[in-house]
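Next up is a structure, given as structure tokens.
By letter and in written order, the chains are A, B, C, D, E and F; residue numbering begins at 1 in each of them.
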Amino acid sequence: MPYVNIKITREGASAEQKATLIAGVTALLRDTLGKNPATTVVVIDEVDTDNWGIGGEAVTTLRARAAAQA
Amino acid sequence: MPYVNIKITREGASAEQKATLIAGVTALLRDTLGKNPATTVVVIDEVDTDNWGIGGEAVTTLRARAAAQA
Amino acid sequence: MPYVNIKITREGASAEQKATLIAGVTALLRDTLGKNPATTVVVIDEVDTDNWGIGGEAVTTLRARAAAQA
Amino acid sequence: MPYVNIKITREGASAEQKATLIAGVTALLRDTLGKNPATTVVVIDEVDTDNWGIGGEAVTTLRARAAAQA
Amino acid sequence: MPYVNIKITREGASAEQKATLIAGVTALLRDTLGKNPATTVVVIDEVDTDNWGIGGEAVTTLRARAAAQA
Amino acid sequence: MPYVNIKITREGASAEQKATLIAGVTALLRDTLGKNPATTVVVIDEVDTDNWGIGGEAVTTLRARAAAQA
């Protein structure tokens, strides 16, 4: 019956990678707490880099700076 | 003053259906707890089926299997 | 398969009232969108009035002012 | 280490405005509670006006009525 | 930089079990998507069984019925 | 009409500090996007340090290690 929400930046995660996350976190809850996979819900939100901030800056800005320094 | 977040898979809910959800849950909170509709906020998130998992699998996979068995 | 999160201030909602909310929103999703009640999850968060703000003020402050004016 | 989620209607907020929100809320948490900006995460969700309700109605409807009355 | 929110019913998860969830989901995001563990945030919410509904009923009611049938 | 959710570890934030967060983020949304304070909702969640993970570890563990090294 758990509910898991995973938020990541929208930077090209594939359907296969997202399926791996869903399977993995469902198994983790079964193995750790005995939670029933049949009613474990996982929702993945992919967020635009303009809309995700860390360190007081948007990820768009952080990525641009990293690219300029590369 | 309540805040309600409804998450559903993105599978074609119409604007009319979403308006029915908004009206219905606002009325439910007024009738059950006396909450003021004027400040009741409802946010509906529609989530891609690749990004919603149940039973350890993405809904995309569940829908494809169901269609193949139909 | 929907997931609904209802946030209200912690001001004495009873178990019966919360059960009414759970039943009501589950029925609303079944009637409006055909969602399966068996996998509809509802989570109610009760939030201390110090931790809920509207109009730039904590609800604790709003309630105290309303009581003083009553 | 705080996590902040800001939900607004999708009505044309620019990248610059969103960067101002990210910087502002990160500074607020540092100044008020001494939280480290380096690990303060801010996620902004922009929600379609069909999917946001207040007062029991979708914002799309409220905006149309306000425009008709203008 | 991911943010993960795990909601479970409050039914006695230990600090060790919660630490296992935190470590496990952080490793899953690193292994699947290359996400940096240093900025991966995991928040676990434990929700009273009166406040968690599935199938239109509170978990408190489901647990009591299951116990009566055992 | 914005909704803001601020999650912090439960480590003694006072009612005054939380009121400062509520006032500050409401003003930020008014000044940056012209949002109406009257319908801006802010909810603060204080999370036990056992239930908050970063870098794959619970904050309880990080705090204990930092104290031992101090």
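Descriptive notes on the structure:
By definition in this document, contacts are C-beta pairs under 8 Å (C-beta built on N, C-alpha and C of every residue); 3 or more make two chains touch, one makes a residue touch a chain.
Note that this is a predicted model, so its numbers are computed, not measured.
The chains in contact with chain A as well as with chain E are C, D.
The best fit of Cα atoms from chain A onto chain B calls for a rotation angle of 120°, in steps of 5.
Residues touching across the chain A-chain C interface largely coincide between the two copies, over half of the numbers being common to both. On a Cα centroid basis, the chain most remote from chain A in this structure is C. Between chain C and chain E the centroid-to-centroid distance comes to 20 Å (mean Cα coordinates, whole Å). Per-chain CA centroids place chain B at a distance of 27 Å from chain F.
Chain F has its Cα centroid 16 Å from the Cα centroid of chain D. Contact with two or more other chains is made by residues 1, 3, 7, 21, 39, 41, 43, 45, 52, 54 of chain D.
The set of touching chain pairs reads A-B, A-C, A-D, A-E, B-C, B-D, B-F, C-E, C-F, D-E, D-F, E-F, using the touch definition from the header. Listed in rising order, the residues of chain C touching chain F in the complex are 7, 45, 47, 50-58, 60-61.
By the touch criterion given at the top, residues 1-9, 13, 17, 20-21, 24-25, 28-29, 32-33, 35, 39, 52, 54, 59 of chain F touch chain D in their complex. Against chain D, in their complex, chain B makes its touches with residues 15, 18-19, 21-23, 26-27, 37-46.
Residues 1, 3, 39, 41, 43 of chain C are the ones touching chain A in the complex.
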